[in-house]
Structures are given as C-alpha cells and as structure tokens.
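Structures given as structure tokens follow.
Here come two complexes built around chain A, the first alongside chain B, the second alongside chain C.
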Partner chain A sequence: MKSLGSAILLVPQAASAGDLIDSPVKTNRLRPPGAVPEEIFTGKCIRCGRCVEVCPYKSIVPQDIKAGIHAGTPLIFAEKIPCYLCMKCVQVCPTGTLLKIGMEEVRMGLAVINRHTCVTWREETLCRTCYNVCPFKEKAIHLDRLRPVVDEKYCTGCGMCTHGCPITDKMGSKAINIEPLFASKSVQW
Partner chain B sequence: MGLSRREFIKRTAALSAASYVGMHLPFSLEGKARAADADRWVRGSCRLCGVGCRVDLGIKNGKAVALRGVPESRTNLGYVCMKGMLFYKILGHPERLTKPLYRSTKTDKFKEISWDQALDIAAKQFADSVRKHGSDSVAYYGSGQALTEETYLFQKIMRGGLQTNNVEGNPRLCMASAVGGYLTSFGADEPIGGYADIDQASCFFIIGSNMAEAHPVVFRRVMKRKLDNPNAVKIINVDPRISPTSRIADMHLQFKPGTDLAILNAMAYVILEEKLYDEEFISNYSTFRQSKKVEVDFDTYRKFISDYSPENAAETCGGNITADNIRQAARWFAKSNGTVSMWTMGINQRKRGVWANNLIHNLHILTGQLLKPGADSLSLTGQPNACGGVREGGGLCHILPGHRLVKKEKLRNQVELAWGIPKGRIPPKPGYHTMAMFSAINAGKIKAIWVHCTSPAQSLPNADLYRKGMKREDVFIVTTDIFPTKTTELANLVLPTAFHFEKTGVYGCTERRSQITPKAVDPPAGARPEVWIVREWALRLARELNDPVIKKCVEPFIGKEESFDLPKAIWDEYSQKLTKGRDNDLRGATYDVLMKMADGVQWPAPTEEFALTGGTVKKFVRGMDPMADSEARDDKPYQFYGPAHPDRKLWIWLRPQQGPAETPDAEYPFYLSTGRIIDHWHTTSMTGRIPELMRANPYAFVEINPKDAAKLGIKPGDMVEVKSRRGTNVLPAKIYEGPIQGMVFVYWHDMFEDRMINRVTKDAYDPGSKEPEFKICACRIRKVSGPKPLKPYIVS
Partner chain C sequence: MVNHRKKRNLGKWRLLIQTGAFLVILLAPFLNHYFQIDFIQGWYQSLGIGKLWFVSPLEGLESILVSKIIYLPLLIGMIIPILVALFLGRIFCGWICPINYFCDLSDRFGRLFTRRRFRRDRLVLSRKLLWYALMGEILLTLILGAPIFVFISPPGLIGREIMMAVFFHTFALEGVVILGVLAVNLVTRRFYCRYMCPLGALLAFIGNCRKLRVVQDQTACNECGLCDRTCPLGLNPSLGEGMSAYCWNCGECVDNCAHDAISFKWRR
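Presenting the complex of A and B:
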C-alpha cells in the first residue's frame, strides 16, 4: 500500500494546456498591491522576486512550477497571510508591474461577506472581527446595526478581514472573502 | 485601477448575488442542522466577562461541542459574542494541565507528582511559614473568575483557620474604586438597578468604557434602544480615545487624560446653574459631604462647584471639549426621562477612581435620575464573578462575606458564630491589599502565597518590579489554574483544576444577579475542582499545625461528593448563614431555585418564593425590594438601608479635580493608556488558545494618532518602542484616529515579553480603593524599524 502510494506520487500529473495558462488569481488568491491587469501581468513581471523578498510579513509567495506560465509570479493567499498594506513591494518593482500607488489606492479585490455563513448576519452571535481588523475601519467596513457591511468605494482587498474571520465553512471558505475584481479588467495592448 | 464606478457597482452586485446562490440550506434548516450536532444541552453562564450571559453548552459523546445563547435569559436575551460562542474549546483542550507539578527551587524544572504529595507539600509550606513567621506571612490571591464557593472556602480557611486577613483578589485591580464609589455615595455596594433599565432609558452616559468591545452583549442592548428610537434616545460618550463605542454616540467628549473629574463637576455646575436638579429628591434623600464626618449644606456645595464652570473645564480638559458641549451633555443627562450611566476601567483605574465614581453618582442624585425605570448609575464589571464571589463572598482583605467590614468587631463575631469557631479567631486588622501584598513579597515578608485562577505576573502594573519578588526563592508560590501562564512560570507548585462546566458553582454578574453553572462534562483526568483541593489542603493543615479549628472550618464539607454536593453544601452555608439579614440576602437563591431559573436571581432575595420571580430588579424601592419594606423606617417610597450610611441618605460629595500620578513631560511626552479588544480576554491564557480568536488578533499593537505618527515619521506596521520610567515594549504601530493627540493606546492581552504592556504601566494607586492607575502614565515612543513579521505567543 505504501509503495503504491509513493508510486502514484512519483508519476508526474499530466497537465492540460488550460492549467498552464489559467491565471492563479481567484477568490482569496490575489496579486500584490498596484498590480497591472491580470491579462498583462504575467507578460510584464520578470520574476525578479524583489517584492517577495521585501515583504516583511511574507505575505507574497512566488508561484512554483505547477503554475505553468505564471511560475515565479507573486501571489497573496489572503486567508493565510493577508497584505498589511506596508506598500514596500510597489517601491521595489523594477518593471512597473506593481504600480507605485498609495495605500488607499490599492484595489487587490473586494471583500464580500457571505451573509449566510457570517454568524453576525445569521444573528447567532456578535462578532465584528472583520470590522476590527480592517485598516480602513468605518470606511471600508462599517457596522449597520452591529452587522458588518463592506463599502466598495474604500475596500482595498487587503484580506485582513478574511484572515481574521473566525468562521470557516465545510468547504473551507471564510464568511468574508476577497474577490479579485480588478484582475479581470480587459486592457488594450 | 481605472474601473468606472458604475461598472464597479454592477460587478459588486453580481458578486453578492453569487454569494447568495452559494448557500446550501435555508436559515431554519441550517439552524436545526447545527443543533443536531449535540446530544444534549446543559444550561450555565458564560465563563468570560461580567455581563453574565446565559449559555447552553452542547455535549456530544461526553465532549463539549458547541455553545449557544439562552433566549429566555434576561441578561443576554439569547445573544453571545464570539468569545462566548467559542470557549467550549477550552474544555478538553490538549494544553490543559492535568498533573500537579512541583519544584523545590524556581530554577529547577517541574516534575509531576501525585495529588497526595502535592497537597502535603502545600500544607507543609503554609504551616511552616505560619509557625516560623506568623500568620501574616501567608496569603491568598484570588480571582473574580473563581466560583463563589471557591472564594468563600479559601477565605474561610485563611481567616478562620490560619488567622490572617491576607485575602485578596484581582478585582482590586478592576472593581475596587466602583465598590468605594457605591459605598460612599449610596451606602451599599453594587448598582441599584440593572440591565432592565437600558430598555427604558432615553439618555446613556458612557464614560471611560469601551463597552462595544469589552461588554458587547450589553452594548447590543444599548444599540437596540438607540436604533429603535434614534431621535428620542441620546448617547454621550466621554473618552480620550475614539473607540467603537464612540461611533454610536450623539456626542463624543474627547479630553486630555486625567481631567475627567473636571468634566463631571462642570456638568454638575450646569445642572445647578440651569436649575436642572430635582429639589424634592435632594431634600428628601440626600446630604452633602466634604468628608465622611463633615456634612455641609447645599450652599457650600454650590460654592465648591463654582470653580468648575464649563468654560474653566473646557480649558482644563482640552481636546474637543467646549463649554457648549458640556452644557448640552448636562441638559441631556438631566432632562431625559431616564438616564443610565455606564463606566468601567477608564473611571476605576485612576489615581482618584473613587472620586470619579462619586462624581458620576452625584449627577444621578442631583437630577433624581435614580430608582425610577430607565435611570441608573450602573458600573459594569469586567469579570464574571467579581461581584458575586469577591465583593459579596469576602474575597478582599478588608471585607468578610455578606458585605461585612473586617474592622467591625460585631460583624467579625457574627461570622465566627456562623462558622462555629471561637470568638476572636478572625484577626481585627485588615490584611495587605493587592499592591501592598506584592510589595510585601518583594520585601520578603510573605513566605507562602496561593495564587488562584489569575496571573498577577502579567496583570499587575509595573509587572517587572513585582515579578522580581515572585522570583525570590524564599517565597513559596502555589498556583491553581487550567493552563500554564506567566505566573505558573514563577510557581513552585502548580495544581491543575477543573474548568467551568466541569464543576458546579455560582457566578454573580454586574446587576446583583447570581447564576449557577452545573457540571456538564468530566474534567480531564487528573484535574480536580478547587473546592476539593481546598478541603483536602485544610485537613492536612489542621494535622500539620495540630489545630482543631482549621478542621472545624471544613467539617461540614467532609465526605461530600466534589462535583455537586460539596459546592452545594458550601453555598448553603454561605447563603443561609452569612447573607441572612445582610443587603445581599441570598437565602432564597438555593441551588434548587437557581437550577430552575433560566437566568438566576437578583438579590436581595430573602425567600425562595420571591427568588423564583427573579428577585429584586430595583434595590431600595418599596414594593420592588423586600428589604426596602422590611427595613423601612418611614413611609417614603425609597429606603436606603445600606450598611455604610447610618443616616440612610445618599451622599453628594465635594470632590475636586485631580490629575494622574504621572503626567507627560519633556522626557516622556506621551500619555499611555491600555485597554481591551473584543476577541480577547485579559491575559489570553484562555482566548489565546482558541485559534479562531487568536488569528483575529494575534498580537498587541500600539495605536497612535495620525498627527503624532506623521510628526515622528511612523508608518503603519512599523515597530515602535514604547518606553516609560519602568519598562519598555516594542510593538507594531497602528495609525488610527483613535487616541487623542499626545496619547498612545496599547492592548494589554499579549503574553510576549516585548509586547506585555504592564511592564510599562505605573503602579500608583487610589489611596481610597487601593486600585492601581493602569489607565494613565507617561511614556515616549520612537520608531525602531520597519514592519516585521511577528508570531503570536502563548506560554506552553
């Protein structure tokens, strides 16, 4: 049984062409602050790893070989280590793949509350962790009758709320998640 | 980045719709699905803060699996906070202590020993100390989280058995000034009304409290009252820091720390100036006092208060305080149909905490905003049993059970008679108060101390100074706890105890309400309930010291089964014999009654029949409070029968403004204040071990006003040194329009040495209540480096 298991592991998985070019950006999988649209990100990023190196929180993780053409590009796993918006990465990016923007201008995505798993929205308990940890408290997340509400005008998509959220449902997703809205924007070459 | 707003909103809408589609079950079904996870539910109280929420613990296969609020409960109406929903994870936590641990010297490693050995060692050490250095060389330092039965039994052994009043507890660090305030203003400890007043109030005066985070379930009630009547209900928040509580306020008074007494006196000035006082109430029920002995008249008070015109106060207080907003606050306070004041540590943890309490009560007495529905001066408690166990059960150095003062011989004799021990057995001199107790340890005067269910190594102000004493080899430290803490690190003997719901006992919350929590699951093998530990220890002490009186103290409890019968016997003795005729009469609140009630009983409750109605909602009111009828001296509707005021009046105090013990100067230019965050509780020995809570707030940080941060070049996340004359912390910065300019704010929960803010705070204390001034000291801050990844820390 044991040998069979390791044998399976040794056989390289056949990767379809789709896997190799599909963007790794999805719910809670975000590009660092100031990223250019996802369509051109992989073309512009030279995989120098400076943003990964400079990130004091180890939030930015370089993609490994399994990511196909995206290998080496930076990604943030919001529920694991969110972006703390220290804005160091945008300063060191040599290619402008991460544009030099200010903390408030960051739009990595948008926090979306799942009102059916959020315990406060379900009226099961009083939790306001997302509100508490939000770096733009009262702006990006405010409380409406003690229930958290996200304002898309201010939310940077840093993921601190996702990381802090004490609820994890059976599918492994939090009650507040970051949807990478801006990454899907079309651009003209 | 250049997405148009319209496009954006479109996408957002699509996304929220998607999140609706993603759900599996409709609400009602899902609720049932969750409930079905448990085989049975056992009703008890929440283990954490002082609100006293009732919860059901869900049990499956003998293990705790869930918690939910009890909708029939008058304290929380079914709501709980995140901490309250998750503390079941502590039962059966893998890091629980399960074996007694011992080391003869504090530099050794702990080794596991048996319970017999452990109790022998504890008895021998205390007996040796008493024999060699006298009774006052031993001490007990307890907790507002211990069950009433535990505190009562501990103090009985210490006082009746070992003949020392060195009985203290951590409520000295949080509640002592409120006790002092109630006793000096109303003549009786604990609030007159309770949470029920919140639902009828039309003005809330919240001062020195971030109840949105520290008491979230009561705050929900305040919020509901406000939202149901957005125009009729006014909320005034007085705090040098803008907190989540401030955000619902109609008016937030932000002032320079330590000038709170001036604001309160200025409000009284306006009440006099604009004749907003209730003349009839004042003449019927109150007197004016300069000191305990010196009674003065209204004109003297008027003259005293003339120094505190709103204009003067605005100058003293700084911040956003203007004469106009003080006037407005006073009008709202006085003219409303019912005003409820609420405060916590911002008022109590002050050099003049008792005075600050008096001044709040003054406003209520002057305006008659007391005793009627929707009006109360309500001090919120921080711990679940600080009121019930420690204030009522005799857990402080100067009080005996049933609100009796140690120094009164008649009251001592009552207790001796009830215990059946010789007259004069309880020493007449009060023991060391907390700060004196730990100073005595530093000085080597205390040779053996029992620290129960609390962690002074982290929670005392200027902690390094007192930890030095606790490290002394000639001080034998016994700790009873469920987890390793900063204090068990300094102990010689660590005894593992049963947790909440693993033993039976009573908690008394903020509003004079006693509630029972029965045993629901077995403690981890090896951990024992404290009442058993104390009984066995006392029997050994009696043998060691050859003193039959010590045995007499536990005689009624010998042979009782430890999880229910033993605490029941202790509660019966305490409630039937020691609260009889006292203002906290609990004779009706027997275990039978408490087990029947969804939400316990509010004292005074002299009979079971009355207790079954829920007890006394308003103290001192005839027709509502049975003691107001039985103790009545005239036919007035209010009877102030409290033990501290023989004249049966409410006292309006002349208390001048006084600043903190330490104010900023050129060397230390910032005020430092400390506080709490919603996801954690106290020293995080419990909440830190719940991954969901720890991940939300893994470490402490320092809140800095954006203007100060800009001046000092501090950016969000930078590591900042916070240094005072006593100690240094290095914490990540949070730049936040919270603290007033010139003030920084740090959460005190973190166990990591560099982020343990009580190493920096000051140990000055109120001369009346002996409560330390945690909330204000002077510090300086500087950036030491850019952001650094930090790890949460927990003693293991």
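Presenting the complex of A and C:
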C-alpha cells in the first residue's frame, strides 16, 4: 500500500499533446489478440477491464491516464510477460474490440530478429531460445543453418521469443522484437 | 394520537443491495486474481456473470457511435440495463452505483455526529445541466473520436481502481476523479449525480416514461415538507417532482414520510 500514497501524490510528468493522442502501441507494446486496428481500438474499447481480469498470466496491463485518451485500454508488454495465446481474453470482450479468433489467426505483430545483436547471427554462440519457446516452432521460426529465421506467414506476434531472448542491448530492446505491423491496418467501413 | 405509520424499510433494503453490489465488484478481482474463478468479471462498464453479460448503455452507445460498427453481443449486453431503465428509471444510480453508495455511507456516518437529520445543499444549479452534460459528452466524444466517459466514469473507475489495486498493487491516477466526485458531494448532496453524470442522464432519459414512480397522495399529505428535505437529489416530491425524469427512485422520501402520503406506484 506504499504505492497508494505515491499514486495520489505523484504529479503527472509534463506530457506533450502527442503523448495524449498518440497510440501507445509500438515495438513490444502490443494490443491483446484479435484486436481491431489501432485506428478504432480506442473508440471501440469501453475499458471494462475484463480481458485484464481474465488473463491467467497477467500479460495484459491497463493503461492509466498518462496514456491520454488511451487510458484504460489493454496493452501487453511483450518483453515482460508475453501473450501465451490462451485466447481467453477474446472470449470475454463485450464490445468486439478483441474479435473472437483462433490461436493461429492472431496477428499481434511480427517478430523481427536484429541480426546485429543476435548472438547466433553474430556467430558468437549457438543460442536458439526463440526457436525453442515459439508456440509455432518450425512454422513461425525455423532454423536456417542453425540461425533462427521468422516466417511472417505464421508468426502471431505473441512475444514469447522476445520474452525468452537473453540479449538486451543498450537501448533496452531484445535481439528479437515484436513490431505491431498489423495495428496500422485501415478499417473498411 | 395513535401513529398509524406503517414501518418502511426501503432504506435498509437499499443499503443491503448497495452493499451486495459493491461486494460483487470488490470481491470479483480477488477471485479472478488469486483463485482464477472468473464467474463474475468486470464492473459497471461491463459486468459478466457467467454467460450473462451486461454492458453499460452509455459506454456501449459511445463505442458504437465512435467505431460506427454494430457488434451484436454489445447490443445484447445493453438490453437488460436499458429495459430496467425503461421500467424502473434511474434505479441503477439509486440502488447500485458505488458512488451513491459511498455518498449514502458518508451521509449515514455524518448523521451520527450532527443533530440535523438532513444536510443542506450549498450550491444549487439548474437541473437541466444534466441534459447538457449528456449532450456535451456525446458531442465531445464524436469530435474527439474517442469515448470520454469510458475512462472517467466514476462508477466504472471504482471498479478499475479495485482491480488495479488487486492485480498490480497500485492505483491508476485517474482515480482522482472519484475523490473529486466524493468531495463535491460534501458541498451539495450528489452534486455530480444531479448535474454532471452523463450515465445518469442517459438512464433518466430512457426512464422518462418509466412505470415505477413516486406518487404523492394529496389527501394524506399535511405539507410538512420532510420529503423535500430528505431527497438526496434536492427534488420536491411534495410538488410532484417524484414523477419527473430526474427522480432516481431511491425511496428516501417514501421512507421518511410520516403520513404515508408518498408511495411507489406502478403505472399501467
């Protein structure tokens, strides 16, 4: 309960207008499975928090008022706790913000390997953690001459590889990161 | 003179229901977090009890207006709250809403220390503000393209803060809104509920032609004015304002009337 005091007394950091309007979705900051495009996500989500409550891994974290108009929307911090694709959240969303889709159809993003920091690609050591933890092994990540390669046809962007990756560079990003490519899709009215 | 007054317990029933409703949103996060029992989920933005889902009408409406997509489960979730509002009026505010529960508790607590039975309203504005709040809120939502009420709705925020405390051992900053709403209640009873709550306004709008109304019996009334002073919304049931759209059917006036002149009536 120490945080109670700090949460109330904490003065919000001076936020620029951009911080309040811009989407919090970026590298390794993902919407839960089945999310509609970011363009309408904030409008459609009613911040009921049921995806947060149902998530058995506590992967989904609601944003607070510092995220501006995105306050209360769910976000997954892939490198902290990734999505384990249990697909419980899509079952409880009452607004259709998370559409009811199957595990293979999830496209939270795409895993991208940084070949400059990945120790296997740098030929320093033989690490294949991302390959081992991938829920779609041999499909989403396969080994090409012992080096991991991502196939965008199958990668769900769940972030388990990012979570497992032992390499963290100076900027705090891993050697394999999830880029939320599909969040910027436009909506067909 | 023999007192013929029937004993009424609406206040106690209301307290019981409010407490029960609050316990639901208080305990649900604990059950979800520590025991993985997700039978009851969410709070008053969307409450899921088993397969039965409720969605708050205003939040659902905003979601549909902004995204311009009709999602059937959302509409189905809104049906029960809308039907309840259609027949019983703003009963959610009076009997369930945790904000009003806290305000009621503070009123009961205050009564322990002062001799006055009813608090005076220090700042009284036009009741029509409620409609402007609803219109302004929907307009702002449409202009910004993001629903405003969904993240500053006080009844929803209480649920979110409880969930944040249980799940992440912290509080979200926007909880300040709750403190603000409870603080203005000290100036005027239910200040926020009276003049500013868009959800209450929508429920009042839906319940304008409600069946359950507070009706005054002119012959039994001796114009003591007790009902007018007891109304937490500052309405005057003695002038028939219990029939107006603003009344939230809490039954305070029914309880307090010494002459049984005020009662709930089901209008056919």
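Here, the second predicted complex is superposed on the first by the 174 of 189 C-alpha atoms of A that agree within 3 Å, B and C clash if a C-alpha of one lies under 4 Å from a C-alpha of the other, contacts with A are read in each partner's own complex, and residues count from 1 in each chain.
We take it that contacts are C-beta pairs under 8 Å (C-beta built on N, C-alpha and C of every residue); 3 or more make two chains touch, one makes a residue touch a chain.
Since we're looking at a predicted model, the values are computed, not measured.
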Practice task
Please indicate which partner A:C127 is in contact with in the superposed arrangement: first for chain B, second for chain C, both, or neither.
Solution key: first
Exercise for the section: Answer with first, second, both or neither: which of chain B and chain C does A:I46 touch in the superposed model? Expected result: second
Problem - In the superposition, chain B vs chain C on chain A residues touched - result: B
Handout entry: Touching partner for A:K139 - first (chain B), second (chain C), both, neither
Key = neither
Handout entry: First (chain B), second (chain C), both or neither touched by A:H163
Key = first
Practice task
Please work out whether A:K26 is in contact with chain B alone, chain C alone, both, or neither, and reply first, second, both or neither.
Solution key: neither
Practice task
Look at A:E152 in the shared chain and tell me whether it touches chain B only, chain C only, both, or neither; answer first, second, both or neither.
Solution key: first
Practice task
Please indicate which partner A:A71 is in contact with in the superposed arrangement: first for chain B, second for chain C, both, or neither.
Solution key: second
Practice task
Answer with first, second, both or neither: which of chain B and chain C does A:K80 touch in the superposed model?
Solution key: neither
Handout entry: First, second, both or neither for A:L110, with chain B first and chain C second
Key = first
Problem - chain B and chain C footprints on chain A, overlapping residues - result: 56, 58, 88
Handout entry: chain C-facing residues of chain A, complex
Key = 3-4, 7-8, 10, 12, 36, 40, 42-50, 52-54, 56, 58, 61-62, 64-66, 69, 71-72, 88, 92, 94-97, 189
Exercise for the section: Under the touch definition given earlier, write down the residues of chain B that touch chain A in their complex. Expected result: 1, 3, 5, 8-9, 11-12, 15-16, 19-20, 22-23, 27, 30, 68-69, 79-82, 84-86, 213, 216-217, 220, 223, 227, 244, 247, 677-679, 692-693, 695-697, 715-717, 736, 786-789
Completion exercise
So, in the complex, the side of chain C touching chain A is made of residues 28-29, 32-33, 36, 38, 41-43, 45-46, 48, 53, 55-56, 59-60, 62-63, 66-69, 71, 73-74, 77, 144-147, 150-151, 156, 159-160, 163-164, 167-176
Fill in the blank from the handout: Interface with chain B, chain A side, in the complex: residues 56-58, 84-86, 88, 99, 101, 103, 105, 107, 110, 112-117, 119, 122, 124-129, 131-133, 135, 137-138, 143, 145-146, 152-153, 163-167, 179, 181-182, 185
